[in-house]
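Shared between the two complexes below is chain A, which pairs with chain B and chain C, respectively.
Showing the complex of A and B:
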């Protein structure tokens, strides 16, 4: 299957934006002569950027889970909930379906993203040809799921806006939700900055 | 880095005619991306540091029950500011208590001192009022009263009830002594002129169990109303008095009637040396306002009196008076048997408050002190010698209730063998005035019964019979004779009457005697006239007496008698 040559083997480079194929002149800061967008064979410093964003996201994920994200005031009864305590409360109050949704969106998905992107990065770094299709599928999954990761933030924002009945019922956002939002944004940026073609850049391309 | 962008110029150049990329200046170095995790790390670090800095001491509080407490949710509030949170609740080793673990905030670290007090604020509804109603919905929280000590402590015993006096309350505490607690409780109000100015802070039984000591707290600025002359009384309950003015019902507020309370006021009368009471000054708590306002009782003394006469109507709590001044009350009435005299004496024990006698007590005490007599027994002995006696007197003629009256009875019989050192102090007695009256009445009746009414009656009968016969005699003999005598007298009187009639007729105007008398008097008049004529003639013609009457002078003789006054006197 190594019959098909790669672009860099042919000394070619394609523009990501307008699709113009240029000759690879090996200059550092190349730009497309047609549309002017930066020209690179792979996203520059993709791994470094992904690592940095992933680490930042992970750092923010700690306070997002430790700090309470939402304060519910109901008839003077003040209740501060972190993500996990909210899930537990939902589960105990006979809403296991909701609990599962929140748990998936807030715990499972971010953790999965960390693991997947971390795995992708590590495997790309090592250039191993192991399970390249599955890794590509994982990457697509991460990209897809990323759109839905802000579920918690949306819930808090909506409740805060809607549930404002003073003494009877009130919902206030707490700092935790900011960190959670930052985590989601950073993981999305990380998955974006990762160049999935790195999965396929390896010597042994017998897949 | 990992990008495989190493030049591969050896490969076939497929695009010889393809355009070449232009050079574009990169705006920033890709390594700047590491600022993102660096900033994240900084934020995270600052959170950690902040949390660590906010972390105050962790304390444990033990409660009887964890009712209303919830781990991770129940907060600790001071002045309604959250200063900590319950982080754990578990049972003590012996399962008798609940140990509540509380993490305080750093800023509130200073409250963990040895005299701080913690309690659970829950809704409480009592007769004294409703509190903590907001916690009905919001859930309980732990309240704190921050102490003033500087000694830190981490293990506290929580109060089961909120303290009524907080450390930062401005005001003064005072100590009250009372016989019993009444219906007072912690938090019971203290009134001054029916305005609540304080509350009962605590109470405890005296060490000897003979009374109750209460601590009350008067809020500033009312604390200055408590003076050295203040009197405290238990304002709970209803005070009903029946006096000459009629039925009088006196209460404090309705809440006080139900839930109890303390009231205070100055004792009546002027107080020249009155000054504001010191902190923790001690006062007595009286059971009624009247008792409180009475002169101070001072130390009670126990006296015993032996009565030999029955004491029907004497009850416990009957007043003991000295010359009409109530200064004590009866506390016990016991009967005894005296083998020697074969009598049933009654021993009456009474508590007296000599200080109620005012100056009497102070003066006597001074005298006693000057004689080195500490408990005044010598004075009492002297007074007994002078006739100090107790009497059971009738206080109410209708009910026959008795009271004990102490007085100096100068003519009282001497008491042989009076022991001044006997304890309790003995006061000799004399029969009461009513008893005396009874005795004297009995004596009179005795004497009356000794009078021989029968004999007197018999004698009187005989006398009357004699009298009867005498009267009969008088009637039979004396009266007819008397009648005769009267008849005689009558006749004599008739004669006398006739005599008088005769005299009367003799003297009447037309009687011959009278006429004779008139005639005689006329004759006498004529005689007097002729005599005068004679004398007049003689006066003018004295010679006639010798020569006789002349005949030549008849004319002047006729004119002269009309001009002469002598003729006018003729009747």
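Showing the complex of A and C:
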């Protein structure tokens, strides 16, 4: 046994919901004696679920970027904005700092999530000991920043509610924002269903 | 607590494993150590946080939850942004936004906003308030088990902090064309974001241990 014993080596299971350390009774459908949730050594069907959610999120991500998310009507002038054009507008009109924040939240973070979760899944399949610490850190990062992508959705909602002067000026949400909102929710679900313990589940233990 | 150990499953379990701790990210088993103020225990294998020293007791947590409730009410009652145009003024409140999105055929967004900015935060506060109101007297609230599990699942879905940044971006965007002023609501939201940040260092799971099962 290594210096850092893992739960299954000691015949233990940590409850995923309440954290209680339980004895692994080897019974199917065992429940945590403290919170009543079912006990699992690993999140059930973690890879399959995560792949499904990630692919679904990616499918939604395409219309989210291609379709406009917001329409601005100003004195009969109709202007449709996509996520990227919204960032460019902010950059050009005296707020490059906010442009960077929105760019990070709406474009960098979702793209990073696809890449990171995809990489984690592929390496978990292969059971490679490659860069495990770094992969674990990436997973924690994705979990931590994930929900900040909702930023653009809230901005569209706020502007819609604010700017409503009929013909003179109006902001309307367009379908892109719905797809984007769904992308964010799906990527959050994907990162939650991935089990980081899989990163460490491989044969050799040279850490 | 009674002096004779009750024969419940939980207590039997506790005797065996209460001094152990399992890293949630890599399943490494540790023996629990007493943490001093400001200490954070990290996993030696994957470097994830195992446990933080909890300097806030149940009473202080309860006080914090009540404060969050007061601020939350303010954030929802007062307008967040006011926009002036040709003498007319439009005030946006959170519910105004939610209703507007529903009317503008973006029901999905409307539901998302209602859940992540209103219902889930509200649920979280009320649940914590309920659990702590009993907990500070050393008792488990009715439905403790189920509510603690519910709290765990709601956890990642509250997004008030993101909304604060959204308000800021909206103000700047609308300011290109209109006369925009932040309203009282936005200050309440800013205060809420600060309180949420304070709260995020508190591990709600400690309630399982801090509020013992009352002898039946």
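Just so we're on the same page, the second predicted complex is superposed on the first by the 182 of 207 C-alpha atoms of A that agree within 3 Å, B and C clash if a C-alpha of one lies under 4 Å from a C-alpha of the other, contacts with A are read in each partner's own complex, and residues count from 1 in each chain.
Following the convention adopted for this analysis, a residue touches a chain if its C-beta (ideal position, glycine included) is under 8 Å from a C-beta of that chain, and two chains touch if they have at least 3 such contacts.
Since we're looking at a predicted model, the values are computed, not measured.
Aligning the shared chain A places chain B and chain C next to each other free of steric conflict. Contact with chain B, but none with chain C, is seen for A:186 once the two complexes are overlaid on the shared chain.
Across the overlaid pair of complexes, the angle with its corner at the CA centre of chain A and arms to chain B and chain C is 100°, in steps of 10. Touch criterion met: A:46 reaches chain B, while chain C stays clear of it.
Of the two partner chains placed by superposition, only chain C is touched by A:162; chain B is not. In the superposition on chain A, A:10 contacts both chain B and chain C.
In the superposition on chain A, contact is made by A:20 with both chain B and chain C. Look at A:63: by the touch rule set out above, it reaches chain B but stays clear of chain C. In the overlay built on the shared chain, the residue A:33 is in contact with chain B and with chain C.
Legend: residue contacts after superposition of the two complexes on their common chain; A:75 is shown touching chain B, with no touch to chain C. If you count the residues of chain A touched by chain B and by chain C, you find the higher number for C.
Closest contact between chain B and chain C, by C-alpha atoms in the overlaid model: 6 Å. Within chain A, the residues touching chain B in one complex and chain C in the other are 5, 8, 10, 12, 20-23, 33-34, 36, 182.
By the touch rule above, chain B contacts chain A in their complex via residues 1-5, 7-9, 11-16, 18-26, 30-31, 33-34, 36-37, 39-41, 43-44, 47, 73, 134, 137-139.
Of all residues in chain A, those touching chain B in their complex are 5, 8-13, 20-34, 36, 38-42, 44-49, 52-53, 55-57, 59-60, 62-63, 67, 75-79, 124-125, 127, 182, 186, 198, 201. Chain A makes touch with chain C in their complex at residues 4-8, 10, 12, 14, 16-23, 33-37, 74, 86, 89-90, 93, 95, 98, 101-102, 105, 132-133, 136-137, 139-140, 147-148, 150-151, 153-165, 168-169, 172-173, 177-178, 181-182, 185, 188, 192, 196-197, 199-200, 207. Per the touch definition, chain C reaches chain A in the complex via residues 9-10, 13, 16-18, 20-22, 24-29, 44-48, 80-81, 83, 85-86, 88, 90, 92, 96-98, 100-101, 104-106, 108-110, 112-113, 116-117, 145-146, 148-149, 152, 156-157, 159, 162-163, 165-170, 172-174, 176-178, 180, 205, 208.
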